[in-house]
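One chain, chain A, links the two complexes that follow: it is found with chain B in the first and with chain C in the second.
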Partner chain A sequence: MKLLEWRVRRVPVGKISLILGILAFVLFATWKIWALTGYWSLEPAFDSIRNFFLNLRDKFGGPGELPMGLYNTIIITLKLLGILVVLLLIGAYSTLMERKILAFMQDRLGPTRVGPRGILQPIADGLKLLQKECIVPLGADRNFHYLAPVICFIPALMGAVLIPFGKGLIPVDLNVGILYFFALGAFGELGIFLAAWGSNNKYSAIAGFRAVAQLVSYEIPMAFCIMSIVLLSGSLKIGDIINAQIEGATAYGGLGFPIWFIVPQFLGFLIFFLSAVAETNRTPFDLAEAESELVSGFHTEYTGLRWAFFFLAEYVNIFIGASIITAMYLGGYAGPELPFLGITLSSVVWFCLKVFLIFFIIVWLRGTLPRLRVDQLMMLCWKRLIPIAMANFLLTGIFVFANTVRLTPQLWPVHLENSAYTSIAAIVFILIAMFGLAWFFAKDLLKPIKERDA
Partner chain B sequence: MVDDFQATTQFSTVLLFFFGAIGFGVISLFMNQITGGRFPSPSKLSTYECGNDPHADADIPFNFRFAVIAVIFLLFEIELVFFLPWAVSFRNLLFTTGWPAFFEMITFFFILILAFVYVWRKGGLEWDRN
Partner chain C sequence: MSDPTDFLTTQTGTLLEKESEDRFWLNMGPQHPSTHGVFRILLETEGEIVKNVVPIIGYLHRGVEKISENREWMGALPLTDRMDYLGAMSNNMALTLPVEELMELEVPRRAQWLRVLALETNRLASHLLFYGTLGLDLGALTPFFFAFRQREIAQYLLELLSGQRITFNYIRYGGVRLDITIPIEREFRKFITGFRPAYEEMWNLVEGNEIFRTRIIGVGKSTPELLIKHGVTGPILRASGVKRDLRKDRPFAAYDEFDFDVITHDKGDTYSRWYCRYKEMGESLKIIEQCLDGMPDGPHIKKMPFFFKPPPGEIYSVTDTPRGDLGVYIVSDGSRFPYRVRYRAPSFCNLSVLKELLYGTGIGDVIAILGSFDPVFGEVDR
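Moving on to the complex of A and B:
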């Protein structure tokens, strides 16, 4: 078969054995750690590492009592494999979906040749990319060049543990949930910048500077929107945020009535959506991989699967971003139970529908809007989104404060003794500051961006 | 105790995902090394500059604005560190300490806004294109 024709010239035995050895060690170590988590109520991580070695010494050769640990290990491994497969499918098929949607918008057919209606196109693309030669350009930093695609892919896969696929189907409902999502966003920047810096290409270098400035800037409005949501829900857990929207119970820190957070947080939704689009380097914010000016920017020098990894990471990140938007603003998997499907399955259907809606809007933006300039991009972030996000955060804080005070009689002002002076002073300060800010922002926000450039 | 146990299990899962990502990446990229072959030539290995011979290294100077953006970003990131725990435990704080839980943080917020306004007024956010 020509497609799978192997072109082996020399097999680096030393490298293979080194990598296999490292992999074996890593796999063994992780397996041992999970096995331990099964039956030790581990206190800090250091204890677990010490116990690991003690256990190794005591039980070496003997029959270990690991049924619970083994069970956990199997469950976790199955989760990993399942999510990996799902993510690969999503990464592959969102490219097809995007091409089809764009083709529909531009009045053409899109891929049709491979399989019925082009349904096998992503697989053909993958096989083609697998056959491509890996090139490291002269003068490039080899290690960075090798590492960057993997580093881009790590946060994409790690972020997938947060996705609320359905009722009770969150792979790991971390207690720092949304903060973890935020941290992984910063991790992704590292991969992009390493790729740009390690390529020894001027286009890539420029793209790297732009990417870092852009991603770093757009994190701030995102953070403000996240904090507004956290104020409303009272928890960082994805599951709690969704529950606060479905049940509105104050036990979850909800508002006291069930409502999707897109209603009280519409501004926040818009800002978070724009920031998420910018964080995933999509048009109209794709300055870091601008095809027409920077020759696809930070991955100019990449070929084959390494190039594909950037795209896989990008599409998976879009999916994760869309899931987080869905979970934070659109009620996650909330929705009426569908006929003939159980509660779980219909929640999965609702979640997929919402995520697809967000994905469709992102592709729609790509099909409609031209790319921004660098100064417009930074100005949009620093002079529009951040002030609006801050105002939104402040208003949310005031709202939650008022709502909580309304719901709890012991907080009513009659009972306020020691704190009265602080509060009154703060109110006066706030009034003065708000007046100044209103004057300042009203003057500056109303001017369109174009005038500034003249 | 239960929370600790759960958290440990959760984060060991995350650790597994970390290693899984590295493993998957390294294995598939290594596979690509084998299937892709290796046929280097000088023109193939040269840096891409639209068909011209590459001019110099890519250690190009960059706009100082990027550094300013980074410094201002730090201001906001520190603010995030202060705000997030407050936002999580806001209601509990209200129940235990009363109204200052709200007003003291708001005071801090306005000091931050004053800093932001100062940066804006000084032209720290302008992107001059010279």
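Moving on to the complex of A and C:
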């Protein structure tokens, strides 16, 4: 009977410290990335602080110039806060958008009561969630239970530095850009698994197992699609990938003619889209929070603000995924200049339109499709997506190789034998090896559940 | 086993103790979102695969049969509404029939036709609810709203007809409580014209949806022998190829005057159950149309006193409901009160086979199969 008792904490200090902690962590993490990429090192920070005090001393006489380091600090802090606020608003308002789109598809109205046509609904929801107390089940691992929403939410925020909002509006154009996105995706899953494990709930545990299996599987076709794009554009940078689609070439490679990568990579686009939907745990791949089977899946035991963090993380992740799809396949912010808006603003408009299109399709899927079963989910990944993604990668490689030979014929007669045949042989070998491995590990999974049991 | 609660404590207690490393017991219900009310299943799972099932019922037991013995015959009638609350008309019908037989009442023809109209509208509403909730169980939201938009109109029609939305208490001893009027008939016809396109749309939403089909085809397969052994009736039995429908085999009310088909399907899986119920909606629509076209004139009820004393005797009669055969056994000792009323609830018998179908399936399939059985726990527990 002891498990039935609840330990209740009604102190708002936890919430406040959670918010402050996340803010501090985001500031620190983003600053760290900026520092690592050479945008900003530690020295100016110290300088700015020193200069600030020096200036204070000097400025009793009269106004002086603001030190450069302090100026940078303020600008960066403002930028980060801006991104944070924009992201939180996006996370909150995409819920309203989803509800409205779903309502449109299901022949009903959606939220209409809070504000005109319900546009204040997310804010009302947020306030409601702030007031609710955070309950921790007695048998739960308190630390994991506390940490999980934070770990889920922070990668979602960190991913935002990659989003190419418009021409020249990429917050940080990392040179490892697309890999960074990939790494954050895996990091966010850790939060889900911690939540599942730390809740002391069997439904959550099953959801956690499902989530891990799903994530590990669906990262493979995703990686193959990313590699194909990298082959085509010759760079991992988001800015370079978009430029390769607008201008046709970058400093490192490219096709030589401008084309959105959705045309040569249509298969890749479909696979990446499906995998991104699976990575963000959306219908028809929402097995980790299967409402009808596992109550609420990994966040069954969460209430209030902690639950809201999972919720926000999911929607921010959808937004980031849609942005990456837009950047990789739909030309990013590319589009004709609109009247009265100027180049920058019209690129922002184009980017937002494309992201909204992707978001709409994701919601459309939710309005149409039921959920897959676990074995069907695995089969779709291992039997369909991974082979197609591999074949797509191979074809892309051959295509890019032929294109490079076409562009630079003077380089090739000497090295052709060495590089071409060996690389093709290597690719074929890798393909065979991976198929073999996949079959070896997945042959048990590929059978229908009934058969496996008997 | 003298104390009935012994069963539960021994079953759950000993089973839960035997948890091993690779298997655990998963408690589903009675507050689970998709056990269709207050059903409880204990699943022993190995990963996702179900190895053992312990279904537990009784959370909605209200003693309908016992309460009936302490009320007049007329007072026992509203209690039947609370059993199968999704197909309450057919429950009224089931109790009315043996009492009328015992008293040798002549029911007016118009009353019989009105009964058929009410029964089939209610069957339509019940199957629409099944359509929506099966979608919800599989994780799709839209079928639910598509179905409920139509069901809302059907409930509105029943409200016009009987004055109530859920617990109708419409079919009485000797006829029906209220007559149909011309404006109500007009509303019925409006509903029929509006329902046809929605009906097609609902077909496309499932039949044209690959994920929907893979989730339900071949899941929860049953054989006619197994189902008959467990006393399963209704659309579930018809879905495995047995052509049994009491509306045809042993017509009550005025069903022998109507032209409709008994829908069967030969696979016996979740898809077949869905298919049968879906097609039955079309047949119900056909019957409703015939009802409206050829409604005979005359009184809608043979006037009865509120308190009456049927002659002593006992009768068992069976009628068809949206969920299967509802049997009613009544004993009268000649007083104002029933001596004994006993219901053979179709959902209760249908659920008995559930355990056999769940072995070896996944957790997702458990919900799908349970959803395809469409049980009503007011009726199971009574």
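Here is the rule we go by: the second predicted complex is superposed on the first by the 340 of 454 C-alpha atoms of A that agree within 3 Å, B and C clash if a C-alpha of one lies under 4 Å from a C-alpha of the other, contacts with A are read in each partner's own complex, and residues count from 1 in each chain.
Just so we're on the same page, a contact is a pair of C-beta atoms (placed from the backbone, for glycine too) under 8 Å apart; a residue touches a chain by one contact, two chains touch by 3 or more.
Computed from a prediction, not measured in an experiment: that's the story for all the values here.
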Requested in this report: Check the contacts made with chain A and report whether chain B or chain C touches more of its residues.
Outcome: B
Query raised in the report: Where does A:Gln106 make contact in the superposed view: on chain B (first), on chain C (second), on both, or on neither?
Result: second
Report task. Please indicate which partner A:Val349 is in contact with in the superposed arrangement: first for chain B, second for chain C, both, or neither. Result -> neither
Query raised in the report: Of the two partner chains, chain B (first) and chain C (second), which one does A:Glu291 touch, if any: first, second, both, or neither?
Result: second
Query raised in the report: If you stack the two complexes on chain A, which partner ends up touching A:Lys79: first (chain B), second (chain C), both, or neither?
Result: first
Requested in this report: Report for A:Ile206: first if it touches chain B alone, second if chain C alone, otherwise both or neither.
Outcome: both
Query raised in the report: Counting only touches as set out at the top, which of chain B and chain C does A:Leu120 meet: first, second, both, neither?
Result: neither
Requested in this report: Once the structures are superposed on A, label A:Val374 by its partner contacts, choosing first (chain B), second (chain C), both or neither.
Outcome: both
Query raised in the report: Does chain B (first) or chain C (second) touch A:Arg366, or do both, or does neither?
Result: second
Query raised in the report: Of all the chain A residues, which ones make contact with chain B and with chain C?
Result: 202-203, 206, 209, 295, 374-375
Query - Contact set on chain A toward chain C in their complex - result: 102, 105-108, 202-203, 206, 209-210, 283-284, 286-287, 290-295, 366-376, 449-450, 452-454
Report task. Can you check the complex and tell me which residues of chain B touch chain A? Result -> 1, 3-40, 44-50, 55, 57-60, 62-63, 65-66, 69-70, 72-73, 76-77, 80, 83-84, 87-88, 90-91, 94-95, 97-100, 102-107, 109-110, 113-114, 116-117, 120, 125, 127, 129
Query - Interfacial residue positions of chain A with respect to chain B in the complex - result: 6-11, 16, 19, 23, 26-27, 30, 33-34, 37, 41-43, 45, 48, 72, 76-77, 79-80, 83-84, 129-140, 146, 149-150, 153-154, 156-158, 160-161, 171-175, 179-180, 199-206, 209, 212-213, 216-217, 219-220, 223, 227, 230-231, 234-236, 253, 295, 300-301, 303-306, 309, 374-375, 378-379, 382-383, 386-387, 390, 393-394, 397, 400-401, 404-405, 408, 410-411, 415-416, 418-419, 422-423, 426-427, 429-430, 433, 437, 440, 444
Report summary line: Per the touch rule above, chain C residues touching chain A in the complex are 24, 26-27, 32-34, 45, 47-49, 135-142, 145-146, 149, 209, 211-212, 214-215, 360-367
